[in-house]
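Two complexes, one shared chain (chain A), two partners (chain B, chain C).
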Partner chain A sequence: MRSRPAPALLALALLTLAVLASAQPSEVRIDLQSGAAERLRIRCESFTAAGDRTARVTSVEADEVLAADLAHSPVFRVQRAWNERASAGLVPQFVTSGRWQVTGATVRLTGELRELPGKQVVLTRTYRGALTDWRRLVHQFADDIVLQLTGESGVASSRIAYIVKQGRDKELWVMDADGHAARALTSDRSLAQSPSWAPDGSLLLFTSYRGGAGPQLWVMSPSDRRPFLVSGRPGLNTTGRYAPDGQSLVCTLSQDGNAELYRLDARGGSPRRLTNHRAIDTSPCWSPTGRELAFTSDRSGTPQVYLMDSEGGNVRRLTYDVTYTDSPDWSPRGDRIVFVTRTDSGFDLYTCRPDGTGAQRVVASGRNENPRWSPDGRQVVFTSDRDGQEGLWITDLDGSPPRKLDTGGRRALSPAWSPRLPGVAAE
Partner chain B sequence: MRPTIRLTAIAACAVFALAAAGCAKKAVQTPPPPPTSTPDAGTVPTPAPTTPATPPATTPGALTPAEAAALVRGMQTVYFALDSWSLDDGARAALDANARVLRDNASLSITVEGHCDERGTVEYNQALGEKRAEAVKQYFADAGIAMSRMVTVSYGKERPSDEGHDDAAWAKNRRAEFSPR
Partner chain C sequence: MRAPILAAALLAAGMAASGCYAPQLLRLQGGLDSLRTQVDTLSARDAVAWQTLSDTRRELDSQRDVLLSTRATSTSSAREVSEALARIDGMLEDVMAKLRISNDRAAPSAPSTAPPAAVAGPGANTLYDQATQDLTMGRYAMALQGYRDLLVRHGASDLADNAQYGVGECFFAQAAFDSAATEYAKVDLQWPRSDRVPASLYKLALSQERLGRAAESRKTLEELVKRFPTANEAQLARDRIGIVRR
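What follows is the complex of A and B.
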């Protein structure tokens, strides 16, 4: 991450430059690297509700959804107009407001972003959708605010797939990135594991024992929830991940008697073996270019993260700084790899550059596992028992304490953050 | 004490009883057909044909499900060291005894289940459990048992026999155990 000796000044300078550069599509634009720059200070005014009682009730909820979306993007510090005391002393640079109109089963949000102190309008946008989907409108407005001010969309409209443990069974679930709208995608009382998304967000690949013949790779669309078998070869069929172009996938098979990595076409056919070692090779993930893979192997005696070319050549160990590493995930920005390390008391999360340098611990305390990047590469979602029960947590990677996702008291683990999903079109 | 084996055997009895009563049993020994789903962007995946149901083997002299379950119940669980799939003296002695059961009952087919303790990721332990099951299967094969009589399934850390979180529990959970097929 870049060092920013005077982030506030720099941000101000960039802001001024951006305002002066009239050719810019957005008038105000601030370049932010995750965690490194000072957060923008934004005030959320309550939406003005128009319509019946439903409008007033959902409008109050929508206020909080927007404020939470902005607060959870590592870009802002948020002041809620309806709870100013919580952010006393914060002098906002921007303010949001909007009109929330409910007509029958339709909701219309006209959101506005203004710059302070002059109150010049920076962004006005109108969204319309089904009342049942009202959260999507608010998430889209939050993402558009982030896009307007940073040049890159937020991730409030994305979703997180995860596994819920119910007794001895594990089911696949999905929820919005803020933890709301959670629902089960499987209910077959089997073992579902290791979900991952297709690069277009339309499908979820996962491992399941539902076929009765050990762990197999299955795929389903979150909208129709019908699972299809992708690979049911003898032995292991696990840890499937689609390539960034969606044309192939990498997974672990043991059909040749040992856990090795294979590349299959997207239908699960034409297996090509990528590793050939008597040790365990598993948990592969792609670099965002699709040219390299990171994976776990115990060929050195303990589990370690290795890299190789996507055709299987040029295998090298990622880092020698840590003695036990597992469960890699490559940032969509390409610049960091997050992985798990074993400690005396549990498991920590580290990141390092793809050349193995710059290893730094980003999450400690308890058992922290299965890290997965957000689609903008600014955050990592992971499993942790840091408060006593397995649950899902998100770190901003800046040393601030991770926050817990509310999974309704369910034991949640193995998260997978979706790519950016098609949003609500503005009118 | 091997409570899990008894549970497994009871479950197996139930499965076989259902199968005998005419219920379709999934043919675990048949590799599934080539996948035909289409997860490409924009295309709805098509379902792979499900594995055809086949009745349990009924060759003359075949064991009844109850007999098979009883035999497997008598087989000894094998234990492993941390992060290891090698068979120590104790494991080999147990497997020698188990191999005798398999030799004496030529129509007995088994599933070798590989298990791990709870430390480490689901995915790594799944591979480790498969290694353990394969090591046992290979030992039986070297002792003259036909490969066709054995399949392996790894449960990784998903099915502990002891729910505890200490060294004693972990030692009990790093194991290979057997169920009739």
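What follows is the complex of A and C.
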């Protein structure tokens, strides 16, 4: 066998449009890949408020939340009906509207999406929930709009776990994907690191020194915030990631003297060594099928990203021609791997295909680290000090400037984007 | 409706003329009243049906307008998409043409014994890249077909051992361990000097273990350790021999 040659460039773009107009509401679906098509132009009209006096106040906020959700999705360019000058010249293809009714402690949103210019109804959904939880209804409507037009749900209802640096301590936090509802999950006055979500979004796996015996792997449900020890073996217990089926996890252990990758069952038992090399093997992540792993190893002299089968073996190097690559994360679509590369000016983010070809720089300028894909594979959240302070940023991977997540002025790092979470059921 | 009324009238006239009695006339009168009621009922139903038909026709007209309007919109969108697809087609053609040229330049010449038809179509690199992409993304049936195409068309290629390992991977990923074992074993049988052999032997042993053939699995692992003592898979095999023994 020879090593894999540099493969020829093959760009395959797929664009599908299906318009079925024989039924009401009509169904319009457009299949979009990041950067493969121009963004859809959508106009957001204000919800009509009804019911209690609080309805008017919350409906105005709901208008902004919906517009922001759609604007933050890489699918749309948004025109706000209440601020048209900000998007002058944009000719919308779709328009959203709805009725926002508040009765006591309950809110009812009837949202509508119409296609222009005919104003055919494309989507009508009604959601009901507690007034205190009204943002979830709007996020769900935004996700359903994306689903209706692309065939794949949006990610507005997902959440992001991250680490907040407070003095010498690092605590685990979680927030909605738009930066709201941030709250601390730990207050250990210790060091928490490397959070990652279980595939159903119910658990967070993280490394912490909270046990007083070095870095250990802990798991916690964000709802009850009670941590349980998963692996407290001698030495390092770090960088754990659940398998896509949730039945096992892979992590770095140094119980045998050197940092190696191990596969454990979901409770942390039955350790099975996957690598055996005098070099340091760390930062593993799964392919979406669970068949392969990407990880960082310095077995070639400098940290580089490698792939191997998830049972161990068949190790092959992914990255060449750079002196330092780290923190791989495999796209949920399976087609790209994002990783950090050290350059003369700092740390940049690159993506490449799983065979190592098609490398593209997606984020530059400053120190950009810890990239993690969004659950739809259209965006990447990462840590950056590009504006002078460590914070969380999101890139749409299409060359547009990254946007910063509002973490309330806290120093935030090591993000982990949740999978899609159970949403609000439409009536 | 008129025929029964006429018949009843004629019958009544006939009976009167022949000197029938009053009770019979009364019954006839009752029968006539009943018939008239039925006729009125049917007329009313007829009117309702006519109204319903008219409403339906109006509804159909309105639906037709909607459909025509939608079709106009759709046609416009579809045309844009068709144009975009045509552009993409053109780009793909260009890329594929470049690929063919590149492969023609790069690929080693096929063995003279191979039939010319066997090397027609995509090159080994193209087939291998596409199959590997399919495997990574979980499209196992397509990956399997791609690897097998490569083995048939480019059996002498230096990617053939990789493709054979990929065939085993397609089965292993789908928990078809019997087939996976058969395919992994072929790597060692057909390309004994390939650097894929240690990984193939390791996955062969795992397949045998999953099939409950512990003795065979141990034997395969021991062979792996003996033949490739420095391979990464050899250390995994040593670890696993302990598991199998336990």
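As a working rule, the second predicted complex is superposed on the first by the 402 of 427 C-alpha atoms of A that agree within 3 Å, B and C clash if a C-alpha of one lies under 4 Å from a C-alpha of the other, contacts with A are read in each partner's own complex, and residues count from 1 in each chain.
The rule we apply is simple: a contact is a pair of C-beta atoms (placed from the backbone, for glycine too) under 8 Å apart; a residue touches a chain by one contact, two chains touch by 3 or more.
What you see is a predicted model, and the numbers here were worked out from it, not measured in a lab.
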Query raised in the report: Is A:Gly118 contacted by the first partner chain B, the second partner chain C, both or neither?
Result: second
Report task. Could you look at A:Pro271 and tell me whether it touches chain B, chain C, both or neither (first, second, both, neither)? Result -> neither
Query - chain B versus chain C as contact partner of A:Asp309, first or second or both or neither - result: second
Requested in this report: Based on the superposed arrangement, let me know which partner A:Asp298 touches: chain B (first), chain C (second), both, or neither?
Outcome: first
Report summary line: Winner on chain A touched-residue count between chain B and chain C: chain B
Requested in this report: Considering only the touch criterion stated at the top, classify A:Gly366 as touching first (chain B), second (chain C), both, or neither.
Outcome: neither
Query raised in the report: Of the two partner chains, chain B (first) and chain C (second), which one does A:Pro354 touch, if any: first, second, both, or neither?
Result: second
Query - Contacting residues of chain C [partner chain A, same complex] - result: 66-67, 69-71, 73-74, 77-78, 81, 84-85, 88, 91-92, 95, 98-99, 102-103, 106, 125-126, 129, 132-133, 135-138, 158-159, 161-162, 165, 169, 173, 191, 194-196, 198-199, 202-203, 206, 232-233, 235-236, 239, 243
Query raised in the report: Which positions of chain A touch chain C when the two form their complex?
Result: 1-2, 5, 7-13, 15-17, 19, 21-22, 26, 115, 117-118, 120, 272-277, 287-289, 291-292, 309, 311-315, 333-335, 353-355, 357
Report summary line: chain B residues touching chain A in their complex are 26, 28, 31-32, 34-42, 44-48, 51, 83, 119-124, 126-128, 130-131, 134, 151-155, 158-159
Query - Touch list for chain A against partner chain B, complex - result: 168, 170, 191, 193-194, 198-200, 202-203, 205, 207, 211-216, 219-221, 224, 226, 228-236, 238-239, 242, 246-247, 249, 252, 254, 257-259, 266-269, 280-283, 296, 298, 302-303, 326-327, 340, 342, 369-370, 414
